[in-house]
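Each of the next two complexes has chain A plus one more chain, namely chain B in the first and chain C in the second.
Let's look at the complex of A and B:
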C-alpha cells in the first residue's frame, strides 16, 4: 500500500513538472549512492523551499533555504532502488537518482536436494543470492565460488558470475555415499550446506537359503549398489518363496547390511528376492528330510 | 365409548408383547438385525437348532456369558473363559474393540440329532463393519439343542528373548530461527509404478502400486481426480485405508481408490497425485505372509488366504492385509484388503483371507500381499 502511494505521488509530481509547473531552482542530485551511505543534494537560488524525498523505503518532506545543500541521512538510503528528489518554492523541480546495494554482507544459499543417490547427473543444484547489510539484493555482478567437497576430497570448484543478483550451479552427485559439503563464497563471505549422498538402487542382489527345523532361513549377501556403496539399513527386500503349499512372502528390512527372513515351507521351494523394482537371483531349496 | 380406544391400545400392546416373546429367534435371514429373545432373561427353549443357536448368539451379543455358555454342548472342548475370550478377543486385537451388531443364520444340514448351521456375524469395529461367516455344529442333548463350540486355538507363546537389531528413523525438525534454506529436509521420493481404472459393481475403482524410492520412510497417500470430457472434475477421492501408508525404503504397496456410484463411461481422464511425508518409523515388526493361495471358500467365493507370521518379538494388535492381484501381463486388476480380528503375537501366526470378485477370479495369475500393522502405544 505504501509503495502504491509512493508511485502515485511520484507520477503526479512528475506529470506536474512535465506540464510546466516545475521551474526555476537548480539542484544537483548525487550521481550514485550506495545503500546506507550519507549523501548531499546541492541547491541553487535563494529563498525558502520545500524538499520532498520519495524512495522505496522512505517518503519525507522538509523545509530548506535555497542555496544550501540537503543532507541525506544514512537511514534515508537504506533501501536500494530509484529515488526522486523534488524541490518546490514558487515552482517545483525534480531529479532522480539510484541507490544501489552496499557490499555483500550475507549470502543466502539454497541447495537441492537434501538427499541424492550417488552417480546421478545434474542431481545437485544450488543458488546463491548475495544481500547487503540492509537486506538489499546485490544486483551488480559478483563472482561466487561454488565448491563441492566429499570428506576431505574436493570434487569440483567453479566460479560463477551473478546475473541479476543470483548465481547458480548444477552438478552430478559423487560416487561415494556420505556427506557432500557444498560451499558458496563471495569474497570473505561463505555459506555451507550439506547434501546426504545415499546409495543408489541395489545391484546384483544375491540371496542364499538354508533349511532349518522350522522352515527356511533366507538371507541376502551384503546389499550394495552398482558403485559398491552399502544400501542403507532399513531398505526393504521382499523375499518370495513358491512351493506346492502356495506362495509365501516377507518384506524384510536390511539390517547391518543384509536382509534376513524366515519362510515356512516344507516341500521343495524356489525363493526369489526383490528390492523396489530391482530383482535378485532365485534359489531352490530341497524338501525337508 | 370413551374408554374404547385406550382399552384397544392396551390390548394391542399386550398382544404385541406376547407375540414378541413367542416369536423370538426368528431373525435369521435378516441381515443386521440381532436374533434372540426380545426381553432380557426370557430366552425361549431351544427346541430347534435355529432357536438354540439364536439363543446362544443373542446371549453372546448381550455379553451374558453364563447363559451363552450354558447353550454350549458339554462335548465341546472349550472352557468358559476360552469361550468368552473367543468372543471378546484378547491382547488388544480388533475383536477387543468390536461388538456383535447382528447375525443371521441358515441351516446347512439338519437331522433328528445333529445340525450344521452357517452364521453370518455382523461386527461393528473401529475400522468399519466386518462380516464373519462361521459354521457351527449342533447336537441334541436330551430335549434341547446345544452348540458344539470349536476348540479355541490360542497361540501359546513360550517365554523367550527375541533379539532384534533396533532400527528406527526419528525426525528432528529445525527451529523457527534457523536460517532460510539451511536445514530443510526433502520429502521422501515416492512414485506410482502402476495404475488401472476399472468399473466394478460399486462404481469406478482406481488402483495400482506405489514404491518408496527413497532411503527414508514415507507416509503415503494417493489421491485421484476423475475428469470429464469438458475438463471438469467429477469427483476426488483418496486411498483411505486401502494402502500401506507407511512405506519403508524400496517398499511397494498396492492402493485402491473407490468412486461409489460413478461409472467410467463419464470419465475422460484420471489425475493421480501421490503425497509423501517424512515420518518417524520403525523397521520392526517383520510380518511374513505364508502359504498364500487363491481358492474357493465354503461359500463358493474366491479368496486369497494364507497365514501371517510375526517374525518379531512385538505383539501386533491389529494386522491389516492389502493384496494386489495381477493378470498374466503383470497388470494390477484388483486390490483387496482385510483386517485380522485377532492380535498377532510374537513368533506366532494367524490366518487371513481377502475376497476376489468372481468376475476377476479367472484373470488373476499372481498376487502380492503387504501387511499394515497397528500396535497399541507405538507409532
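Let's look at the complex of A and C:
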C-alpha cells in the first residue's frame, strides 16, 4: 500500500513537472541559422537557470533569468553543424538546431596531373569544392564553370552543378606543348591551376648514319610527337647495330631535339633506332674500306 | 635493511599499479572501439570506383576516428585527435575539447552505429565524400551531473583525404538531411 502511494506521488510529481515546473523553463531555439549569423533563443517562465550551448567548436555555460532571451554571438555559430541548447533550473530541457554554411567565399580546387602529355583523352581532371568564409562546405547546388585555356586559346568550357558540395570534370589535354590554365569559377569567385603539357611519345623516328674513321656516326632527325611538338631533351633513343660480328646497342639522350651516337663496327652494318614503343627506320652502312 | 625492504615493496607495488593501469587503459580503448559499429556502402561512389584495399582502410580509419572523438569529448583530452583528423575538422574538435574544459562539461557518445555511404570519390582518388547517418546515445554532463541524455540520429557529411599512412577526416559537418 505504501509502495502504491509512493508510485502515485511520483506520477503526480511527474505530471506536475510536465504541466507546471517544466513550463517555467520553456525555450525556443531558432529554426535555421546561417554560419556567422547572430541568433536568439527565447525562454519563458521566471527564476534563475543555467544555459548550456554545445556545438561544433563551442561549449559554453552561462546563467540566465528565465523569460529573457539568450543572444548567440556570431562567433558561437561559425561552424556549420548541429547545436544543442540546454536550459537547467530544477530540471533540464534541451533543444537542437542546425547551422548551415554561409555563401561561398573560397574554392578548393584540385587538379591532376601537374604534367601531362598532349592529346591524351581524359588526361586532365579536377575537383572543385566551395567553402564559406568559415571553412564550411557549401552543400546547396552551385554552378561551377570549368575552363581550360592554352595560351590565349580556350580549349573547353563547361558549367557543372555541384552535387553534395563537389563538382568535377575530366578533359582531353591540348595539342600543343606549353602551359595549360585550368580555372574553376563560381560567380565572382575563381581558382586557377596550371598544368604543364609536354610532347607525347615520339612519332616517325628517322635516323641517318655514316661511316667515319673510328666507326659509324648515327643521328636522328629532330624528334617530334605526332602533333609536331619537339620531344623533351633527355628522352632516350636506343640505337642498335647488327653486323656479322654480332649486335650492340647504345642509349643516347635527345639534346636540342636530336639524339646522336658513335658506334664501333667495321663490317657492313644495319642500324635501327627506338624510343619508348616507337621504332625508327633502319639504315645500312657499308664495310670500312 | 628494513628501508630497502620497504623500497622493494614500493617498487613492486608501483609495477603492479602501472601494469593494472596499462591493462585498464588497453581494455578501455578496446571497449570504446568495439562500441563503434560502422556499416559502409561504396556502391554509389563515383566517378572513381573504390578499390578493395581503400574500402578496408576507410572502414578502419573512420571507425577509429569516431572512437577518438568519443574519447576526446568524454575525457576532455586532445591526444586522440592527433592522428585521425586534419584541417578544419581537427580545428573545431580541438576547440570543442578546450571549451568543454573551460565550461566543465563533457559529452559521452554511447552505442554508436554509423550507416555510411560513399557518394563521391575524386577521379584521382585524392578526396572521398561520405554520408553518415549516425545513431548514438548522447549524454552531456556538467561537473559530473548528467544534464542531457538522449538518443540522437545525426546526418554527417564527411570529407576524407589520404595521408601518409591512413585516411584522415578533413570535414565533419552535420546536416538536417542528405
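Operating definition for what follows: the second predicted complex is superposed on the first by the 265 of 289 C-alpha atoms of A that agree within 3 Å, B and C clash if a C-alpha of one lies under 4 Å from a C-alpha of the other, contacts with A are read in each partner's own complex, and residues count from 1 in each chain.
The rule is simple: a residue touches a chain if its C-beta (ideal position, glycine included) is under 8 Å from a C-beta of that chain, and two chains touch if they have at least 3 such contacts.
Note that the structure is predicted; figures quoted are calculated from it, not measured.
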Which of chain B and chain C A:110 touches, first, second, both or neither: both
Chain B versus chain C as contact partner of A:48, first or second or both or neither: neither
Chain B versus chain C as contact partner of A:57, first or second or both or neither: second
First, second, both or neither for A:84, with chain B first and chain C second: second
First, second, both or neither for A:213, with chain B first and chain C second: neither
First (chain B), second (chain C), both or neither touched by A:233: first
Which superposed partner A:139 touches (first chain B, second chain C, both, neither): second
Residues of chain A at both interfaces, chain B in one complex, chain C in the other: 110, 112-113
Chain B-facing residues of chain A, complex: 108-115, 193, 198-199, 201-202, 232-238, 245-253, 255-256, 261-265, 275-278
Of chain A, residues touching chain C in the complex: 50, 52, 54, 56-61, 79-82, 84, 86, 88, 92, 94, 98, 100-101, 110, 112-113, 125, 127, 129, 135-137, 139, 163-166, 168, 170
Chain B residues within the chain A interface of the complex: 165, 167, 169, 180-182, 184-186, 193, 211-217, 248-252, 283-284, 286-293, 306-307, 309, 311, 349, 367-371
Contact footprint of chain A on chain C as seen in their complex: 47, 87-88, 91-93, 95-96, 99-100, 102-105, 107, 119-120, 122-124, 126-127, 129, 131, 138, 140, 142, 147-148, 150, 154, 157, 159, 171-176, 178
